[in-house]
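Each in structure tokens, the structures are laid out below.
Here chain A shows up in two complexes: once beside chain B, once beside chain C.
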Partner chain A sequence: MASKLTTSNRAGWAFALPGFGLILLFIVIPFFFAFYLSLTNQRLVSPNPTEYVGFSNYEKLLSISVLTIEPEVDTAGVVLRDDAGEAQYPRVRSFTRNNPDFPQYDGMREWFRWHWGGTAKVVVATDVVFWKSLRNTLMFVLVVAPVQAALALGLALLVNQKLRGINIYRAIYFMPVVVSIVVVSLLFRFIYDGNDGLLNNILSFLTFGLFEGRDWLGSPDTALGAIKAMSIWQAVGFHMVIWLSGLQTISPTLYEASSIEGASKWQTFRYVTWPGLRNTAVLVIIVITMQAFALFAQIDVMTNGGPLDSTTTLVFQAVERGYGKQDISGAAAISVVLFLIVLSISMLQRYITRAR
Partner chain B sequence: MAAINQDNRGLRLIVRYAVLTLIAIIFIFPVLFMVMSSFKPNLQLLRDTSSLRAFLPVGDISLDNYYDAFRRAPIGLFVFNSVLVTGVTVLLSLFFCSLAAFSFVYLNWKGRDLALTIIIATLIIPFETIAIPLLLFVSKLPWIGLEGIEIGWLDSYHVQIIPWIADGLTVFLFVQYFKDLPGELIEACRVEGASWWQIYVKVVMPLSGPVIATAAILKFLVMYNQYLWPLIVVQQETYRPVLVGLQYFFQLNITWGEIMAYLTIVTIPVLAIYLVLQRAFIASIASTGVKG
Partner chain C sequence: MANVKLRGIRKSYGKTEVIKGVDIDIKDGEFVVFVGPSGCGKSTLLRMIAGLEDITDGTLEIDGTRVNDLEPSKRGIAMVFQTYAIFPHMTVRENVAFGLTINKMKKAEKDAKVDDAARILQMEHLMDRRPSELSGGQRQRVAIGRAIVRDPKVFLFDEPLSNLDAALRMDMRMEIGKLHQDLGASMIYVTHDQVEAMTLADKIVVLKDGLVMQAGAPMELYHEPANLFVAGFLGAPSMNFLKVTVDEIGGDWVQVSSDALASVKVPNKGRAFTFGQTATLGIRPQYLTAAPDGQGMLNGKVILTERLGSETVVNLAVADGTTLIAAIAEDAVLVPGDDMAWTFDPAVAHAFPEVS
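Take a look at the complex of A and B:
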């Protein structure tokens, strides 16, 4: 169509420039700025000039290594054991603090360890909190993306039925989406509370008092799971609506045909509905993944990353360092790592779900 | 035989509604609990969590929590700030983004395709990955204020508004919509001598009700629910929006009743708008998916 119109450079630029200029200024420039900053020692406020430091921010973040430690032995070569019969190992600190034999481990701290063939394998990293935040973020995405997408599809199928009053149910399922995640997070802090929390009381009621209450956000075992469940609850309606719009693009004649052929409900879903949802599925998964990687408000309101860093995330670390500790360059390096992960995962998702 | 079938259908219908209702309860109960608790004194609120009374307006019902919450924090100011920032941003966003989309769809100019590609590419950048560089960037930008040129945008309304005016998704929504409008109509207007500006104002925008509603609702949700950005760029209470104002209620000696009252104040306006415009809200989210 454009070819039919006369070229009009002046009007074209004049109309596009305000919007395009703002996008350049506040999205594109900061985006490239992040790459640049991550190679410097920039601070939010500093009397010293900013210097180029190469990849040292990334080195600090990403340095990780496995340290193999032999158990301690006595003079006869017998492994020393404690009262419980466990082999005794020298402290990790003796390898990572000023040990001239192991300069590559200098300044590293233990992340976790496992035992293997009579030795201890200790994973050590310079920035253990970063690695924990990376692990937590990935665990969050790995659970929330598929579960939320599947539940949203289930809800979409439910509210796609032709029933009287179905619009009311659709409106209710969507409602949490318009409630701010910050409000939801504070509300759920009370619901998850260990003493008077609503969840403990409900579970105790449903199990006739068998369930013993717990402090959901106060324990490293349950805190991230509780946040996952809440996040799914809050946003599932959003994706239900996207699935629903996909469902409604599928031609009714296809359903008529499959019903004439005598297809079962499952067959109808498998061979009519699901193929018709391919594009929607790609969109839903990519959008959920991007949203999940951005996990911040829930953490900031509910746990501040604790207990024991069990809920800290990449964005939370970026904000805590960049804003809290004014370490802009360190935060920028985390942001770049986060962006590269998001980019590669969404490219991978596109590749896997590409049209065949 | 016919009677059994009839019964079966009736039973199935009941099961369907039972399932739908059970799920609806899961989505409603936290919000219902929040609103009901906001009217209860703290001791009763805590006691009620052990029974269904948690969801009912029973016992000692009053507005005391609201009174206390308003005394503790300048809630009126926070609400005003949020409404101002949200309203201005939504209006400017509709104007700037539709104008750019108009140019991308109807006008032919050098660099157009490249510019549109760049805008679409920004959809893959989560805001959270540019928040910190953007913080440093805006802290160095000049602004013409009452006392001449100042450096730094922190602690202001414009730092909450200007970076959020234009975004890839809004431009994209308008581009998709404009592509479906009849191009012959625009050409006919050109032949009759209308300027591009006249066509934009008098022809295209009046035809764009649905996409304007969609873009406005999406932007409204994003802006009213802002948290991370105002958290890092606004220190002074004067410019603080409602959700960051919540931090008043993070202290230890606060009663849950007061918190519930504040949460209700923050949430009720959005819920009310949602209930009135429910269909438009759902349609706007759906339309982001159809062509994606």
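Take a look at the complex of A and C:
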């Protein structure tokens, strides 16, 4: 096959060009453009000229502090308590609004607090919604990546058997992948519905009416969990197929050798299957992590970030700010932060799973 | 050590029968080689003995016990595969010890066994390497080591040398022969290479299309092939076949002739011929010699000579268009184009009623 086409350098570049071109146009250039925008005060539509503002967008986004507040005391120095016996604390506003003693907290708002040694530790941030979206995104990734990867591997092992009609199962598990995530999200809005949703009906049927039903997406306690469950279900088939392709690269004679040696099912998995899936595992974990960080469509369709910002995510915030609030530069800053997080996590994953 | 008995063994994949009723006896400590062209069912037969394939019909006994339905690991066999089937992520030591590790043998005992195998195979210096750092021959040695430590009653080899280059193949062949002498275990060895079969075997089983063509000691098969197939399969260069007509039939002989061949009386070895039928005369190249003046039995024109050092192989064109091969003494000088008379000893020629 040593034709001119396969040996010439120019032909190689020519074949690569469309790919490179698209990557350049839609990924590399927008990234640098976003970085540039994040250093300005650009708005979507604005009569004023764009100005260079340095890193102030990042400062607004990232500034976070812990404020220690002493309980209020009466003139005798006794801690004031309310009717329930809880210590009374001065309002956070008194520190963050025009308080000349604490200029570093100016404009910040409370994110959450805990009590420690008779004082209240209050985490305050300039952009609390950003921090909430960061936390939600991380919680989403931390649950979805391992659970989805493990579930997909389990399914792949199941459908990798030589059984009659096994392709039907492969197809069934893969089907949700083919359906657009927007459609899936719409369907799940009905399933999770608080009044007459399918999930409530099933649970109530299974518990003989004991389960009273709840509004899954309407409560901050369950909304993100519901979205995690749905997202895992929707894409698990895709990763099952990747695992499956990894499983099929393992030589059948290795399994025969281990069966002759008398390996149990678990030992076969441990000594033959799992080591053979190393590269696949790296791929699956990195891909899932990246996809999970990009969580947007489900949020946009199902909850719009609510209730009480309990499901808002980084990408959702970027879109919301850029197009909803017309704050293009703030949105660009979020995108750059997200990029850096994903980049460092991928590099960490590659380092951990490097070939030794 | 053990004997193995196959009775009426059959194997079908769906409707296609690939092993069509095979009876073989393997004595304690015997080295038996299954030989035959590609696709004749050697591997299938071996894999049935190993327990990697179900036996469709017939009885398989190891040491007098029917083992048809026994797990591979319970049959007391060890198998060496053509593709080595060693585990890429384990060191040589871990590979060799694999079966012992799985069966939770104590470390001291395990190490002793593994070291013993390493010494027998002269690979002590390789024990900490990974398979990717080994040559093909070394990998095969690891696979053999893994077989040795199991102390199997029967060793099974499936074309273990086919993936090695010619020089290495010869070395490993001798080593396997020596291993058999040292261990004294029963061995079943599958190959399509008749040289391996001739050099290694105590007993050769020639297979074709799922049937045993002949079984016996190598020289017995070489000198007394039961049929045309065995005659043509064993020996290098392979036996010459001439199409002849049966002119006369005697008690233990048959007289044949053809356009190329003067009338000749050869032993019939108990085979039935009918007068006037077309039959095949087989002459080994080593027995075909240049004839003194006027005593030739056939005329052959030299078309090609190949000096191999120990002998010279001559291709001859004879009157009926067949090409014959003669292997003659190394110092004979023949010029292509020479038309010469050739002769052979009728007592060592073979007559077969079949035509190829």
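Please note the rule applied: the second predicted complex is superposed on the first by the 333 of 356 C-alpha atoms of A that agree within 3 Å, B and C clash if a C-alpha of one lies under 4 Å from a C-alpha of the other, contacts with A are read in each partner's own complex, and residues count from 1 in each chain.
In this section, a residue touches a chain if its C-beta (ideal position, glycine included) is under 8 Å from a C-beta of that chain, and two chains touch if they have at least 3 such contacts.
Remember, predicted model here, so these are calculated numbers, not experimental data.
Asks: Quick one: name whichever of chain B and chain C touches more residues of chain A.
Replies: B
Asks: Mind working out whether A:Tyr271 is in touch with chain B, chain C, both or neither, as first, second, both or neither?
Replies: A:Tyr271 contacts chain C only, not chain B.
Asks: Of the partners chain B and chain C, which touch A:Asn201 in the superposed model: first, second, both, neither?
Replies: First partner only, chain B.
Asks: Contact-wise, after the overlay, does A:Phe15 reach chain B, chain C, both or neither (first, second, both, neither)?
Replies: Only chain B is touched by A:Phe15; chain C is not.
Asks: Just chain B (first), just chain C (second), both, or neither: which does A:Asn99 touch?
Replies: Neither chain B nor chain C is touched by A:Asn99.
Asks: Going by the contact rule set out at the top, does A:Gln88 touch chain B (first), chain C (second), both, or neither?
Replies: A:Gln88 sits against neither chain B nor chain C.
Asks: Does chain B (first) or chain C (second) touch A:Ala297, or do both, or does neither?
Replies: first
Asks: In the overlaid three-chain picture, which partner chain does A:Phe190 touch, first (chain B) or second (chain C), both, or neither?
Replies: In the superposition, A:Phe190 touches chain B alone.
Asks: Need the overlap of the two footprints on chain A, from chain B and from chain C, as residue ranges.
Replies: No residue of chain A touches both chain B and chain C.
Asks: Which part of chain A faces chain B closely enough to touch in the complex?
Replies: Residues of chain A touching chain B: 1-9, 11-24, 26-31, 33-34, 37, 42, 44, 155, 158-159, 161, 163, 166-167, 169-184, 186-188, 190-191, 196-198, 201, 233, 237-238, 241-246, 249, 279-280, 283-284, 290, 293-294, 296-297, 300-301, 315, 318-319, 322-323, 328, 331-332, 335-336, 338-339, 342-343, 346.
Asks: Quick one: which bits of chain A touch chain C in the complex? Just the residue numbers, please.
Replies: By the definition above, chain A touches chain C via 251, 253-254, 256-264, 267, 271-272, 275-276, 278.
Asks: Can you name the residues of chain B that touch chain A in the complex?
Replies: 13, 16-17, 19-21, 23-24, 26-28, 30-31, 33-34, 46, 49-51, 54, 96-97, 99-104, 106-112, 115, 118-119, 122, 124-137, 139, 162-168, 171, 183, 187, 190, 196, 200, 221, 224-225, 227-228, 231-232, 243, 246, 249, 256, 259-260, 263, 266-267, 270-271, 274-275, 278-279, 281-282, 285-290, 292
Asks: Considering only the defined contacts, which chain C positions touch chain A in the complex?
Replies: Interface residues on chain C, with respect to chain A: 50-52, 71-74, 77-79, 81, 83, 85-90, 98-99, 102-103, 146, 150.
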